[in-house]
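Taking it in order: structure first as structure tokens, then the write-up.
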Amino acid sequence: MPWQDQPEGNNDIIWRYTENPIINRYDIPSSNSIFNSAVVPFEGGYAGVFRCDNKAVQMNIFAGFSKDGIHWDINHEPIIMQAGNTQMIESAYKYDPRVVFIEDRYWITWCNGYHGPTIGIGYTFDFKEFFQCENAFLPFNRNGVLFPEKINGKYAMLSRPSDNGHTPFGDIYISYSPDMKYWGEHRVVMKATPFEESAWQCTKIGAGPIPILTDDGWLMIYHGVINTCNGFRYAMGTAILDKDNPDKVKYRTRDYLLGPAVDYEMVGDVPNVVFPCAALHDFEQDKLAIYYGAADTAVALAFGKLSNVLEFTKQNSL
Amino acid sequence: MPWQDQPEGNNDIIWRYTENPIINRYDIPSSNSIFNSAVVPFEGGYAGVFRCDNKAVQMNIFAGFSKDGIHWDINHEPIIMQAGNTQMIESAYKYDPRVVFIEDRYWITWCNGYHGPTIGIGYTFDFKEFFQCENAFLPFNRNGVLFPEKINGKYAMLSRPSDNGHTPFGDIYISYSPDMKYWGEHRVVMKATPFEESAWQCTKIGAGPIPILTDDGWLMIYHGVINTCNGFRYAMGTAILDKDNPDKVKYRTRDYLLGPAVDYEMVGDVPNVVFPCAALHDFEQDKLAIYYGAADTAVALAFGKLSNVLEFTKQNSL
Amino acid sequence: MPWQDQPEGNNDIIWRYTENPIINRYDIPSSNSIFNSAVVPFEGGYAGVFRCDNKAVQMNIFAGFSKDGIHWDINHEPIIMQAGNTQMIESAYKYDPRVVFIEDRYWITWCNGYHGPTIGIGYTFDFKEFFQCENAFLPFNRNGVLFPEKINGKYAMLSRPSDNGHTPFGDIYISYSPDMKYWGEHRVVMKATPFEESAWQCTKIGAGPIPILTDDGWLMIYHGVINTCNGFRYAMGTAILDKDNPDKVKYRTRDYLLGPAVDYEMVGDVPNVVFPCAALHDFEQDKLAIYYGAADTAVALAFGKLSNVLEFTKQNSL
Amino acid sequence: MPWQDQPEGNNDIIWRYTENPIINRYDIPSSNSIFNSAVVPFEGGYAGVFRCDNKAVQMNIFAGFSKDGIHWDINHEPIIMQAGNTQMIESAYKYDPRVVFIEDRYWITWCNGYHGPTIGIGYTFDFKEFFQCENAFLPFNRNGVLFPEKINGKYAMLSRPSDNGHTPFGDIYISYSPDMKYWGEHRVVMKATPFEESAWQCTKIGAGPIPILTDDGWLMIYHGVINTCNGFRYAMGTAILDKDNPDKVKYRTRDYLLGPAVDYEMVGDVPNVVFPCAALHDFEQDKLAIYYGAADTAVALAFGKLSNVLEFTKQNSL
Amino acid sequence: MPWQDQPEGNNDIIWRYTENPIINRYDIPSSNSIFNSAVVPFEGGYAGVFRCDNKAVQMNIFAGFSKDGIHWDINHEPIIMQAGNTQMIESAYKYDPRVVFIEDRYWITWCNGYHGPTIGIGYTFDFKEFFQCENAFLPFNRNGVLFPEKINGKYAMLSRPSDNGHTPFGDIYISYSPDMKYWGEHRVVMKATPFEESAWQCTKIGAGPIPILTDDGWLMIYHGVINTCNGFRYAMGTAILDKDNPDKVKYRTRDYLLGPAVDYEMVGDVPNVVFPCAALHDFEQDKLAIYYGAADTAVALAFGKLSNVLEFTKQNSL
Amino acid sequence: MPWQDQPEGNNDIIWRYTENPIINRYDIPSSNSIFNSAVVPFEGGYAGVFRCDNKAVQMNIFAGFSKDGIHWDINHEPIIMQAGNTQMIESAYKYDPRVVFIEDRYWITWCNGYHGPTIGIGYTFDFKEFFQCENAFLPFNRNGVLFPEKINGKYAMLSRPSDNGHTPFGDIYISYSPDMKYWGEHRVVMKATPFEESAWQCTKIGAGPIPILTDDGWLMIYHGVINTCNGFRYAMGTAILDKDNPDKVKYRTRDYLLGPAVDYEMVGDVPNVVFPCAALHDFEQDKLAIYYGAADTAVALAFGKLSNVLEFTKQNSL
């Protein structure tokens, strides 16, 4: 998996890849920006689903492939969806995808434009043919993230109910489905924090990469937002959810683990955005690699030791 | 059923009961207001579920009973919910109930406070014991209205996705469930109109009473809202939805059928509100009686001839 | 002209007609409300152009006729415009008309929907055939009011530049045209007042009836708006503009002359609105009759002595 | 003191005077509205300081006198202030006065316009000559209410920090002064409530009449506001503060005691406002009379038994 | 004319000058920023009118001169206007000028402060003496751009009606004048796009340089704005308008041609702004040079081949 | 004191230190950002109180020490307050400190979180032990700045009344206290400017460093804010207040003296912020060193000649 050792003198839990951004805004001919994208191991290398806004600033998702998880070939044409568990595959736009392998296939969720943003679901076996399913929820919703296995016999999805604009609020919920078609048992998981306790996540929060099952429970990497007088600032934190009842938050970081602090995160189409969407991990090697959108413009990569991240989450918990 | 003949000289499709409001704001000891309430035939008379905000302006629902559908005895204590298809029966508040008999029991839906407004579901067999089920959707949602029978083998519910405040937008959607627990197959039914075409329903709309199956399809009575410089004004319209595919709107009134025009509708806790929540009908007698909240303060009653309402809806369609 | 003597004990400059409203919301079959309408002497009686919003709350203007200026026959169909000095007679909606006779015909101005509200212009010779001209201005504008004669050889029009919503600001300007087609020489006439000086007109102002030429200059009756915590409140004031340079305000009332204080002004589709749109006067009899919209719902009438109004304007000037 | 027995069948803690409003909007020649006014026993009868907005809607305070506390003679000219403990007696406007006798004189507080609303202080010995002191606080503040005696050797004042508009938030604070000139020791007393607990007071609250010392502590009558989709609604509640540490709230009503429910409270310049500003009481007779502004238009009167009010406050406490 | 060949490997329709910005924020002693400025050929070289905000951030326009169109001498004192076709030459501020030669003189339009922003008009023969004419329109308006020749015998001007703040909407209109004094025949030309179709221009649009007459019609270079959660982002597109009826849009780019992507466009007083105001062209050499404001701070230059721009506009049309 | 000669060719009144920022965002282990901080001469070197937001973005103040005023050792733990003139030392957050020596000790003021932002006061003799006093004012207030000596026998403090969010208004006031506990005699000092006169300070202003007594009066360095379409931009100006009546503004710069123009001021957690909080001066050497927060991220330093600053303030006065 992609990796770069921590620089000397750097004591952070998470450190940036020195060759960031790994994908730049104009890396395919049509693109205005490529960011907030998802990656999974695939056939000895990696496959990914990428948010590429084109130069009309239409939002869509594209498949891509890489041998090392760092250098990517992204298709020049967006993913075309065939009918999956429904004939209704309307989609005014697609953005912020997540990808996860469950049982026999790769499931993709994204923010799907159906009379407002909601959570689209699709799957592929090969990253060539894609099948679109029923939207999980009514609008307005964003940041739908599936768990990598069934919980108590059901599919489980995190999401963040929103409004139809630049939502100034937002908490993380979990919902369950027996069949990836009908969803229920909605529970609040965790909420934006009081300003005084942890201001970087006081405006809204949303799940990022697919949660990782650890001995401590589900490691959830998420973004938090503070509303400054000059706009939203997105940073990254972590939480550990109970394995069997993931609406129970066991630990949640008071501090952010990565916040906008270098040029490609602070300057771009939307300044001051660190938005994690995918992670690769290796327990044996104690490695974690996080893909994140930078300034709504490019894709960047950061690394950490899994054991450190878990320990920090437990020690630094709200 | 409740009825009063149309006054001489009155040519409206819908006319008001002369003894309105039939329930006043202080009609139970604890209440600040009683409005937006639902009624069904029950044991030779009528039962109802009433929104009674108490003098702390806490919102809750109360059972009530009537022989004639006009004079009501409303319980002085709110409905207590037992666990139905879930143990999770949190409810910070309950308001705007609808009631419908399906198969073997009376189902109640309401706006349920679970970290924001969403659609609560419950049932009763006798209006004495009540059982609360899983919320249908994630927040934020209001105006959840069940169809009185399964459609294509599934329960069907109209709803209006919202935000967490005085939502300035809102369209009607339909969702389906095999089991009253998991919901999916969400489809937009109809949207707020362009200002130029029909301004009384240009800000938001929401379903009202349980839809009535007619030869033309489902008769849906709904409210529409215009945002004037002095606040929202709620009026009532009708639509006819396709019987088997109720996300298809066959007809929809360009004109409102009842708008705030008398004192108890124009003056109250929220001025200028006509908000229908329930209807009784008799095809043989060609009668329709509509219960509506007046100025978020009291319950009023209006009448019409079913055949006229249907004809008007078809002739006056957008 | 319409008239009713001042009630005993009433010392106000302007007093209400006791039979108000003279036109009610449902006075024609299609109407939801009839208000903000204009009246002129015509063929021994009176003709008028009426704002009738229909029950779809589409806004349009209708011709009407009266022998006494009090009892009106309003056409059941809206005015149909033929091409006047242009073929471009698009109109998404028409509201708040004013009417004035200049030279050889009756000119009508109104708020015309052309990609937003702007000032429509039309004319008629007989209140049967109507001809629409070029819009005077770009959007967004409301309350366009012509002077009853050319000033310095040009047509002159007051107007109130706005935005595309419930404009929270607004001042009165004057513009000139050699030909009723091209407009220029735009000058500010008067502005909303500082809150401390005259709060009833501190949010926005707009011209009302056609200005009346007096020995002191042009008597302009106008509305002023204060934004209370429960919405806009519209009241009526007067100003006197210089005869030859009407962008010079000679006098302007600090006090309002008529504010919402009776039921039909305080309760209705938009509570607390007194909105003057037309006036009849007779210098010899020292009479002034003002037609005004009440609560955006009905048409009402008020009276005053011209000499008193002028004197009050001069004595009570800001 | 003014009194009217509770009507038969009325079980409310507070009941309205049947001849309300006792002062109408046009009761002095210059006034647009008279409301939110204060009253004290004076020379065998009663004196008061009245908010009279004139017809320019300039806000000012006027002295008035009454034999019975019900029928009032209000001066036609506003109070003129002389220099008290300062030469700086700027005042762009004055509104919402309170009056209290402490030691040797009548102290008046009001909302004073000094580059925004703040708390003005003045005193009089005779309601003829008035002396203005230093403003208590920096802007922005409203609803400054003095305690009727020193607490721990200092003057004490409740107030409600605001912003410069129609403040959508607001909590009650207390401040102390050794000399009516310098103020400090600011403490929060009580805050707006969570929506779910007591919605009528969930947007903002503010102290009303001078607190009354009882065996249970200070009886504070206050207003609470809920922000409906059609504007603010003001109702009245009570609280009991600790005698020696009045920033400690011992009891506070969950229910309102009087809310807008009759025409003169629901219709007027600002609909749906009950705003208490003064109270008279007699422990021996167990009487309480509350003066309140109705719809920002008129002055009304309500009565209750002191013992009932206290008991209700204790039994109904949040 | 200014020119730099397209860099190797660059396939964009428009490319940046490598020495950008050509004018920096502090290039004259008084300036805080120099941007959004206009340029024309003049006496063998080039003259220009420059927006220079001074260090009080007062906005004004300054004349400047250049031999090559790249290196500029900007006067240190703002343009002083003499009376042109009017004595009323009030101007609270001047910004965003455009310049065009018509018939016998250079016409300048700008955003002129007359009780709000509107379109100022002036002319010069020599860039030494300047004459101010009547404002074209009532406030509120911005981005007034003249056509370089009369159309159907009249002067023609594009403009963008606005409000009095950071307008969150805005469409392009055209108006005509027989005499540069009176304006009419207002027509909508093109509107902001639906978000789903072309989001970079979905909030508002405005004309940029003087339109260029081509065989395909008028080439209009314009800016489009998207409202991100961190503010407005301005990019550049092109459209082709019908030669004789320029309110007819023949083609309009779905994609932007130049968007903020380098430091001087993304960082500055207003980040993420590319704002074209002037263009030089040479059909024979197939050259187009576009002057644009960068981040409301500096002036930059970009180049393209005219034939490519036209072809792209036609092929990439909405 | 810290100093660096003006670079050749630089003619500005204020110039930046070339090694800026002198303190970076991560200079202590816990910090997310260090900015808006205060410095005084102390024991032959310098002491300071620093705003360090930690990585939870909790705001707090930290002591630090320096020999040269440029290289700083900041404590890793925040200041712990003991009870000063009160036992009530609640503080939900502390930010934007100022420090001044008066009589016998160092006084610190800061924005203190007590149910909203207000002005906290504390003192220290040694920068080891700190004592917290009563808050000066009720919320909501920011930018409390003490004068370095009593005026007319009383302590004097500048402040900026605010609201509870990203306040879009704000003027500078002065208040007096006999004892650092009770405050009064509040006077407006200076207000935000009209947009047309000096737009960089048209939204709000606030005092910065401790005022410096000069022969001309009190030199007050302050920040001004303009609200651009992409957020607030903070720049720095100066004013001279009357020595004995500091609410009298003798001079005030029309131009800003330092505005965001280099990367560390334009890019960061809040872009485009120059926020002065402290200054060192030496009349004999004619030196002024200003510490300012840059982009709410780091601390920077700028220099000027005192005589030039005073002269400029007088010559460039509004």
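Labels for the chains are A, B, C, D, E and F, by order of writing; each one numbers its residues from 1.
Just so it is clear, a residue touches a chain if its C-beta (ideal position, glycine included) is under 8 Å from a C-beta of that chain, and two chains touch if they have at least 3 such contacts.
Chain by chain, the UniProt names read as follows: A, B, C, D, E, F = Glycosidase.
Treat the numbers as computed from the prediction; the structure is a model and nothing was measured.
Visitor: What shortest step count links chain A and chain D in the network of chain contacts?
Guide: The fewest touching-chain steps linking chain A to chain D number 2.
Visitor: Both chain A and chain E are touched by which chains?
Guide: Correct list: F.
Visitor: Measuring between mean CA coordinates, which chain is farthest from chain F?
Guide: B
Visitor: For the interfaces A-B and C-D, which has the higher count of C-beta pairs in contact?
Guide: A-B
Visitor: Considering only mean CA positions as chain centres, point out the chain farthest from chain A.
Guide: Following the centroid criterion, the farthest chain would be C.
Visitor: Please report how many Å separate the Cα centroid of chain C from that of chain F, as a whole number.
Guide: Comparing mean C-alpha positions, chain F is 54 Å from chain C.
Visitor: Report the inter-centroid distance (CA atoms only) between chain B and chain C in whole Å.
Guide: Comparing mean C-alpha positions, chain C is 41 Å from chain B.
Visitor: Do you know which chain F residues sit against two or more other chains?
Guide: 230-231, 267, 271-272
Visitor: Which chains are in touch, pair by pair?
Guide: A-B, A-E, A-F, B-C, B-D, C-D, C-E, D-F, E-F
Visitor: Could you pull out which chain C residues touch chain D in their complex?
Guide: Contacts found on chain C: 11, 195-200, 226-231, 233, 254-256, 259-261, 263, 266-267, 271-272.
Visitor: Could you list, by residue number, the parts of chain A that touch chain E in their complex?
Guide: Listed in rising order, the residues of chain A that touch chain E are 25-26, 29, 32, 53-59, 92-93, 113, 166, 230-232, 267-272, 296.
Visitor: Where on chain A does chain B make contact in their complex?
Guide: 86, 88, 114-116, 118, 134-141, 159, 161, 163-164, 169, 171, 173, 175-179, 181-188, 191
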